[in-house]
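Each of the next two complexes has subunit A plus one other chain: subunit B in the first, subunit C in the second.
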Partner chain A sequence: MTAPVLEVRAISKSFPGVKALDNVSFEIRKGEVVGLIGENGAGKSTLLKILNGVYQADEGAILIDGQQVTVDSPRHAFDSGIAMVFQEQSVLNTLTVAENIFLGREQEFVRFGLISRRAMNAAARKELAKVHLDTDPATPCARLTFAQRQMVEIAKALSLDTRIDKHITILLDEPTSVLESREVDLLFSIVRDLRDRASVVFISHRLEEVLELCDRIYVMRDGKIVAETPAKGTTVKELHTHMVGRQLHHEYYRESRQAKPGDTVVLEAKGLARHGAFSDVSFALRKGEVLGVAGVIGSGREDLARCLAGHLSPDAGTLSLKGKPVRLRGPGDAVSNGIGLVPAERKVEGLVGPFSVSENMTLPALSRFAPSGVIRFAEENETARGWIKRLNIKTPSTETMVGSLSGGNQQKVVLAKWRVAGVDVLILDHPTRGIDVGAKEDVYELIRDMTADGLAIVLLGDTLDEVIGVSSRILVMRDGKVQAQFDAPAAAKPTQVEIVGHMV
Partner chain B sequence: MTAGSARTSASAERLRQWAPLLVLAGLCVLIGFFNTNFYSFGNLVRLLNSAAIPIVLCMGATFIILMGSIDLSVEGVVALCAVIASLLVANDVNQVAIGLAAVPVALALGGAMGFANGWLHIKLKTPSFMTTLGMGFVGLGIATAILAGLTVRISDQTFRYLSLGRVFGIPMAVWIALASFIVAYVIQERTRFGRWIYAIGTDEVTARQAGIPIERTRILAFTLAGVFAGMAGVLAAAQFGQGCALIANGRLFTTVAAIVVGGTALSGGVGSVVNSVIGVLIVVVLANGMVLMGIQPYVQQGVQGLLIIAAVALALDRSRLAVVK
Partner chain C sequence: MNRFDLQTWLPAIVLGVLVAAISVYDRGFLAPSNLITITGDTMTLFLMASGLTFVIMLGSIDLSVQAIASMASCIMAVYISRYGIVAVPFALLGGALAGAFSAIVSTRMRIPTFISTLAVSGVVLSFGYWFSDTRSVNIPAADRDMWLFWITGSFAGIPGEIWVGLVALLVLSALLQLSPFGRLVRGVGAQEQAVVASGINVDRVKFFAYVLSGFMAALAGVVMGARLGSGSPTLANEFLLPAIAAVVVGGTAITGGVGSVWRTFIGALIIQVVRIGMTFVGISVFAQQIVFGALLVAAVAITMDRSKVLVVK
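Our next item is the complex of A and B:
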């Protein structure tokens, strides 16, 4: 067994009110790919940020090649051979690809105080070749697709390889959550190629991927490492059990509670089209139904969802609500017609961070709580308390700022908001993105509750598995067109293979 | 994002890039149509001359706006530097007469005020908006107090040559503005400092993670803006042959207007000193054209105000903008 290149010894880190890391020890050997999994809030990102010098540990030590080091800034980490690919993309759209790759390290291209563009672009071209990204390094990153920018981000981390003469460690914080399967395969092959030069720490919520890519897996829970296991011979189920500390519900998507759709058509689209996004989309959404929309980035499903919620307007086609044609002139129009949107960017579009839980919940329906123009706080709080209890939202009080809740609880507040507003149709855009397994199950439970109450739901799932598991009917989109429709009753779900064929 | 919308936004982006230049060309054609004097050599020189000081000011201020900050101290810095410079050269108030050595003193003073802007803004974590607004009043206050509201008359002809002297028939002020532009352009395009300004303006958190010294870069940018404002003060004093607190009146509006009209985004990260030069020319050509067409001065101001709003409205990428504050 080779000696560890990077070792973390008994590290602890506290933030006000929470012990994020508790006596964590962890090691990475030469050429090893180590998986790090755990629910959100388990401490994975904190650990990575300590390794990358964004945070400093309160106690414990970091050793590189057996030598104790202090890593007090990302720059310092980089010089010590540790590079990180952040969960939130850190590519700057206003700079070019080359400028992004060498951001903060322009010094080596500076001659007489001036940067040599040619030298920088040439060096960038070499880094891009490593990730098989065939892009001119002088392209502004704003022109790239989301996945391409992720590759630039990865190229930036890999550039460490040629910059320093040490064994390097690359920290990948959920790099695949935004990639499509082809790109994930590419990333994996890049990581495998790297093995003789680098070690990799890989964080992902997709446990299948962790099992596929990693040699060894650490499982974290509540700031501690609760298990360490070789990937070989481990199953997803075992990992789940370690993560949540209990047996995983055998019915992950609550299929048995899947409601039989009613006969009433709530929302109907006929020949809906938006230039450059999608065309000729027709469907009928019935009461109690979950319509899943599957498709890769660029399939047009995001824009379709935005059109249904009034955030964008379609160029052609009609939309009818309960049989009456409607034109949605904006999100406000959609809300008053009974359509709500739970956006993927929860923090940006779903919630008002500095507002309290109760203020967020009553926002779209505020006039109901203020019939004379003055808000009746007692009534507002009463309603909020009811939903907190009903949805099992973990919050100290109705007055807590929603920004301080965990991702899963924030998502429940968003859902409660639309229940308070009394919508008939809810559009869920990646409702479980970035929330932990336990909270995901809660969200599935809530979806079943809502359909049981007669709501109709349009779901853009985070994974295909989720779309299949949750939906009662599935619309498959590719290049802006509906390719296929599948019925997905609880007892006879279509398989991933059947659907993927229509997606790509 | 779909491929289709990426394409449309790319062409929209190209249009936005060229819009300021098209507006400038359109204005020139329009004004020339009404008054052929517009194209006379004399008028073109007059145009460039009135563009000189705003261009110098905009070179520094563009960097501040590219960082997503704002520098409202422009008038205070210009006024104080102009007053101090006028008191250091031969004048009718005191006996001091250090000649052109007054120029580096004024630049250093401007730099010091800019440094104070940046240092206070960073160390006290006060928004640049308030810090620079305060600093501007401090500068105006000192300038007024030193002279007790009077005006210094400059008798140093060498100093006045900095603005009025002509090389190849073009005023010295224009050459100085050109030199300022070249310096600023090289800083923007070819130095780490220039890159870092764009990085900070786009996303400060990411820039910090990349190891960029945010504080130092910000303070340096404000200092640089102060130096350019100091130069503008020198040019103003040389042009009018006097120093007084009112010498900078209206400079702030012109500066911000020109930068915004040129297409630099107030949100930071997008724009260029090249855009700012075009912006200055638009503002100056418009003003000149309105004079040629005999439009009343107050109406002219109103038109400039509308122009800014129109420019901001035109420059915004609405597809990415959900919230307006």
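Our next item is the complex of A and C:
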């Protein structure tokens, strides 16, 4: 067994009110890919941020090559051979690809007192080649897609490799959550190539990926490491059990509760198109139905979802609600017509962070709670209490700031908000993104509750597996067009293979 | 939580300390008649700052309030001898229109409010000059007694202007705390995109906030004109900085989302007491804006959690 290149000994870290890390020890050996998994709030990101110098540990030590070190800033970490790819992107959109990759290290390209763009771009091209990103280094990052920017971020971390002599460690904090399968495969092959020069710590919620990529896996729960296991011979189910500390429900997507859709068509699209995004999209969404939309990034499904929710306007085609044609000029029109959006960016568009749980829940229907112009606080609180109970939201009270809840409970508040508003159609854009396994199951349960109550749902799933498991019908999109439709009754789900064939 | 509580109470504590400090210098300071005078003198500033509170809570700014107050005093002074009491609603309407104009420019053309209100401020200033023929316009004593007694008179031993201020305090506090409009103002300041995505017409919320700001600035101008017995296109000059300072010193966050009209009331009193304190210490009136500027910076520094603000623009 080789000696650890990076070791963490008995680290603890507290934030006001929570012990984020409790006596955590782990090690990474030379050329090893180590997986780090756990539910949200288990302490994974905190641990990585300590390694990266963003936070300082309250207790414990970090050792690099057996030497105790202090890492007090990301720059310091970088110079010590630790680079991090952040969960939330740290790419600056107004700078070019090359400028982002070499941010803070421009000195290396200074010729006669000025930055040589040619030298910098040439160096950037080499870094981009490593991630197989075929982009001009002089392109501003704002023009790249989300996934491309993620690749730039990874290239930036990998650039450490050409800069430092010693063995390096790369920390990947959920790099795949926004990538499509092709890009994930690419990333994995890059990571495998790196093994002789670097060690990698990989955080992901997608356990299949962790098993595929990693040599060894640490499982965290409540700020502690609860299990350490070699990837070989471990199953997803075992990892789940470690993470949640209990057996998973045998029926993950609650297929047995999948309702047979009603006959009433609630939302109908005919020849819907938006220039540069999608064209000729037609479907009829029935009461109690979950219509899944599958597709890779660039398939146009995100823009389609935003058009259905009034956030974007289609250029052509018609949208009808319960048989009546409607034009949605903005989210306001959508909401007044009974269409709500659960956005992918929960903290940006889903919730007002400093608002209380009850204030968020009543936001779209606020005027209903103030018929005389004065908000009826008692009624509002009672409604909120009802939904907290019904959706099993874990919050100290209705007055708690929603921003202080966990991701899963925040997502439940978003769902409750649309239930309070009484929408008929709900567009779910990655409703389980970044929430832990237990909360995901709750969300699936809630989707079944909603369809049972007669809501119609359009679902853009986080994974294909989720789309198949939850939906009663699936629309497959590629390059802005609907390629295929599948019925997905509970008893006869299409397989991933069948669908993937139409996606790429 | 500690920080939050301190922020809520700090302005009141500061006010108490200031009052105590001055009363050590001058025992007469705490006499009821003196306190009433000081409160009365604070009202114009408070009226202006109270409407501004809504705009700042949106996370926006209104730089046109002093120009609007001056213009309103001119409209009122010119019209009062001709049309009587109607001059007052005219002046208030002028302020509301100016506010509406700022809001429309910034929401329709998507221009930062810092720019739109600065531009409107220029327009309004010139309008005031034109309307008053660039002069100070006298309000005849007879008209003043007849139509403006509710400002200059006294009820139950308390000057009318204080009553006006108290009514504004109660009405605007209720608007902010109890009405959907108030909550939406807070929501827009805290996380605008989420409010938009909830189907709320955010432009309308902003529109009403600016109308309110313009209206209250005009009311401040009317009260100021009534007290001085004249309207002038430069009447409210040097009120902008203290007005913004009053809002922020009271504890309303300059970044939006947090604040109250009560806090602004305390903030305006602090500004006034500081002003008096400076006179005691012997600081020239002309140098007082230095102190207001410093106070504003200090208040923003205290109320903003700057560790969370990564960049400053």
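Throughout what follows, the second predicted complex is superposed on the first by the 501 of 504 C-alpha atoms of A that agree within 3 Å, B and C clash if a C-alpha of one lies under 4 Å from a C-alpha of the other, contacts with A are read in each partner's own complex, and residues count from 1 in each chain.
Note that a residue touches a chain if its C-beta (ideal position, glycine included) is under 8 Å from a C-beta of that chain, and two chains touch if they have at least 3 such contacts.
Quick caveat: nothing in here was measured; it's all calculated off a predicted structure.
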(request) Mind working out whether A:417 is in touch with subunit B, subunit C, both or neither, as first, second, both or neither? (result) second
(request) On the superposed three-chain arrangement, identify whether subunit B or subunit C touches more subunit A residues. (result) B
(message) Touch test for A:146: subunit B only (first), subunit C only (second), both, or neither?
(response) first
(request) Applying the touch criterion given at the start, work out whether A:501 contacts subunit B, subunit C, both or neither, answering first, second, both or neither. (result) neither
(message) After the superposition on A, what does A:332 contact: first (subunit B), second (subunit C), both or neither?
(response) second
(message) I'd like to know which partner A:353 touches here: subunit B for first, subunit C for second, both or neither.
(response) second
(request) For A:75, decide between first (touching subunit B), second (touching subunit C), both and neither. (result) first
(request) Considering only touches as defined above, state whether A:300 meets subunit B (first), subunit C (second), both or neither. (result) first
(message) Does any part of subunit A touch subunit B in one structure and subunit C in the other, and if so which residues?
(response) 348-349
(request) Spell out the part of subunit A that touches subunit C in their complex, as residue ranges. (result) 16, 311, 330-336, 341, 343, 347-355, 359, 363-364, 366-367, 369-370, 373-375, 417, 421
(request) Please name which positions on subunit C make contact with subunit A in the complex. (result) 1, 174, 178-180, 183-184, 186-187, 190-191, 193-201, 257-258
(message) Give the list of subunit A residues in touch with subunit B in this complex.
(response) 54, 73-75, 78, 86, 90-95, 99, 103-107, 110, 113-115, 117, 142-143, 145-146, 275-278, 297-300, 302-303, 348-349, 480
(request) Over in the complex, which subunit B residues touch subunit A? Could you list them? (result) 1-8, 10, 13, 186, 190-192, 195, 198-199, 201-203, 205-212, 269-270, 322
